[in-house]
């Protein structure tokens, strides 16, 4: 049993983290912080947690947090980096769901987030928490940067192809569709049901903050420079990401076998039979990434379909998966729930 | 560990039952039947179950079924009553999610379902599986009739008032709103997204088959005749029932206390604080019924708001709750999952 | 051709008013005001208007507004009452879509809106713009208070019954379901798609501001006091109100004939054949109110189903209907569009 | 005033055609046919048409149909080709919304539709009804093949680039997202709200029937062979197509100016300002195609975003646009309605 703290659990990744941890048999939730909701019962904000979590939100307190074995940050960017150095110094392990430690290059981070990074010295020791790539490093990590939602779906779809060098890394396209929970639990006109329901739109085509994160991961996979055109879209549903990935094949190979072998031992990547079309609802509420591979008309364009629940494998579920690895628990503990369908 | 069979698991209550039973530590799924899908892998029809259930659908076989400790029927009406007598004779316990054994009066059943009942002799021993009313009888039941979705939400909301005789049983109104999964997994134009999304409509105002079932339960609660106006509506969402109940108060009483006391020991009924408005999403995927009580403008009209997930507390979750009671398991085993929110 | 100004056209009733007026053959749009968006092209905020409306938002200017034949207010409450007295003084006619002039009793207004009314002296001359009740008064009105959305659907459903004195006015129930555009185009967490989609909930059961407005109208219809239990619900769709109305019959009468006769000459009230269930989508984008009447199980409870598009017959369409009457145009001009279905 | 007949108006393109034609000042609807609904009032099937269309469905009758000036076919494929030859022989003009005459190569048609084409001799005179390409040929056409929904959005987005030869025609990608009304008004489990809501999925990646139609149009535009990877997706909304198009630039050019000039005189193509993201809701119910052009990170990949309402510009609106051109009416007559937003 480990003691766990959560900083900033008032957003969607926060409530999802609470849903998963509330039933985790090795976790004792010690403190859940929120400056804005301090004093309020967690279950008052999130009535689905009534009867499952009895804690109140507290002001973040470094003493209480550092007494935990691990602290999750489910905060907007720039919050974690203000507290993480002290926690690390005190020996508390940190799993950060925000973007603060995802990019290894501080300059690049500052360019995309328009502000200075307050602890670039920690970037080298931050482990990018994609277990399918970094499982061994995660075991002993003190600081985990949980991948973003788009980056998870996109990297898992491209990795087998790039690792084997069978597509041109300079001509990658990721056309990604996300449910609106990806925009977070914050008041904004564009995310109102009356605005985003019965509607489909691309956004941030000129440049989305997940682009450098994805490119960093893809570069590492193929060990050379990459060029990705990344077009995110908003689709009128709450949860789910559907990434449709296009690559230009440079070699002929059994693509289905390649993916099946690459992910044979992965508990949370499910390669569907040839000819399949994964549905986001088949992973709703679950930590699974389902993938299908197509080569339409036998042309030289490979199409990979990759779906996740943006709040689970794309955020909180993956965070718990990291925690399970870090503390030697069964990797699937508390995150092997079955998708709720329909 | 008990052996379990399921007849007719190709609908929404079927897949939900499989989701719940797949992770039940005391259940060994032996056979899942479907005439139409016989031979197909269950996970091919329901991809959320990939990796969790490895069985194929089979033709229903009385030998295999009767070898189980309990058999669930997740079938349209008229299927269970053709097989149940033989199973009962052989000592297999039965939990029927369909309507076949819900009404104790065979004549009434035949009138509402427009066909003869093939085993009216079993009706007296069928236990109506609403644990909040019949828990003791359920323990030793051999045949359980799982309540319908509307009847569950409506009865749990009216029961405390009628049991205490504080509303006029001859002037009850239930205005109920259901997600479209209530119509079942069958091809019909009216349930297409293009027809039922961005739309709200009442239906079957002249008479819905759940009306006699509800009235039967309410009569039992107040031990006198009742008169209910029941208006079901279709609301553009997948899961959830919101029952808004109106009663005419005949006595003055602390309504909040009444409900809190009535359900104090119930694991799956949650009475919200005074002034609350329960949301169906707060029970999505969970077995909870959440209730709030209002008396607007202090008039003599009491308003009860009662929400459930129609596929869980309104069907498959309640079926498992019955099974847990029947076999002496913890009543919450495998059905204490937290609602997926958002 | 008349000159028209609009104050505050940045919300949903505003854009709907612009959609209707842009194609009105007798209207010349002179000025559209918004403090917050001043200077911006109207079509930049509302891209559906590109190519149809070339005006920019302006600061409200009393000179320009009073030069119009009529000025619409599509503003939150308390805005119109600050400008209307001056416009009225200068002879400009006003159609106010907000709540400022709907209640004839200033004290009651102040109680429900928690602020003083700045021009109670205008209340006696404000005409409540429900053409089915006040058509003659509307013709010569200088100040129109356009009814709220719930009040329109509810009054049109109850009026025939109350006018003829065949239901008990002291036991009225209105269970109303609204799409989320009713909450307006303003950032709020509760109206996010991620919060309000796949969800159904009641709200404001203790008291909604439309309650006194509805009661005022019903009192006028039956010329005696009324008691209404009004429970509004949020349903996961953009547009539409479905009001389910319950009354206790005190006389036996042909209800279908009653409604058909009452609305025989009304261009925008459509009484459906007996046994029907109106769908909100059948009026989406149109100015029609569709009504069906039921008497389930021949009990003494009458059920009226009344649907409107909350932004058209419940707001902007009704406002234009008032304008057409005021200026002697064909009452249907520019508002006889057919509902967009599916 | 022309006499118009419609064959097969019981689907979504049918009801949309009726909505548009009901208010067309130059059209007199003479006959609306449906074998399955013969005798029923059109407004009984489509209640939005109550008060606007008083006809009943009839059996198709060649005498009545050939007495019309023009007959629309809003039928599944293979229906039109059985009746069109006789109508053409009798001098009746035909506008076919189905796929029967879209492909000029009968062999290719038979390969994609798995059946023989019964009147290949008419294919050479069938005009592909995309006014932005074939306006002059449409004027005198006797037989119009109305383009499919995906083909309309995709061709309008690619045309300027291919006509000017500035992208590589052998590496085209169209990632298209459609609302579920594209699947038609027919009972199918996959299109149920409970299946397709809260879900995103690709389909028919191996080959969709619109692929050869699109390629045919693109080949004509660039006068050489093309290679298109076309991936359609189902998105949880009723109406709308969002086509995200990717091309590899072979020349440097002012893309914004190119598109603005190409469509400067087109009444139904709206090129948005640079940097825009068109929303499908901005064209909901309207005949407009809105387009935006991006060149992310100044790479050699151009991204075109093209949105239409699949039932209007993608079907019935475009059909009426063709009719207007054929009969010398104002091209926008009865189809210049403004999108309903929100």
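All chains are identified by letter, namely A, B, C and D, in their written order; residue positions are counted from 1 within each chain.
The rule is simple: a contact is a pair of C-beta atoms (placed from the backbone, for glycine too) under 8 Å apart; a residue touches a chain by one contact, two chains touch by 3 or more.
Just so it is clear, the model here is predicted, and its values are computed rather than measured.
At the far end from subunit A, in terms of centres built from Cα atoms, lies C.
Two chain pairs, C-D and A-D, are weighed by contacting C-beta pairs, with A-D ahead.
In whole angstrom, the spacing between the mean C-alpha positions of subunit B and subunit D is 45. Centroids built from CA atoms put subunit D at 39 Å from subunit A.
Separation between the centroids of subunit C and subunit D, computed from CA atoms only, is 36 Å. Each of residues 12, 179, 181, 185, 194-195, 197-198, 236-239, 278-279, 281, 284, 342 in subunit D touches at least two other chains.
Chain contact summary for the complex, subunit C toward subunit A: residues 12, 179-181, 183, 185-189, 191-198, 236-238.
Across the complex, subunit C is touched by residues 12, 15, 19, 22-23, 46-52, 181, 185, 197-198, 238-239, 270, 272, 278-279, 281-286, 288, 290, 311, 336-342 of subunit D.
Those residues of subunit B lying in contact with subunit C across their complex are 171, 173, 175, 177, 179, 194-195, 197-203, 205-207, 227, 229-231, 233, 235-240, 242, 244, 246, 248, 275, 277-281, 284, 294, 296-297, 299, 301, 303, 305, 307, 342.
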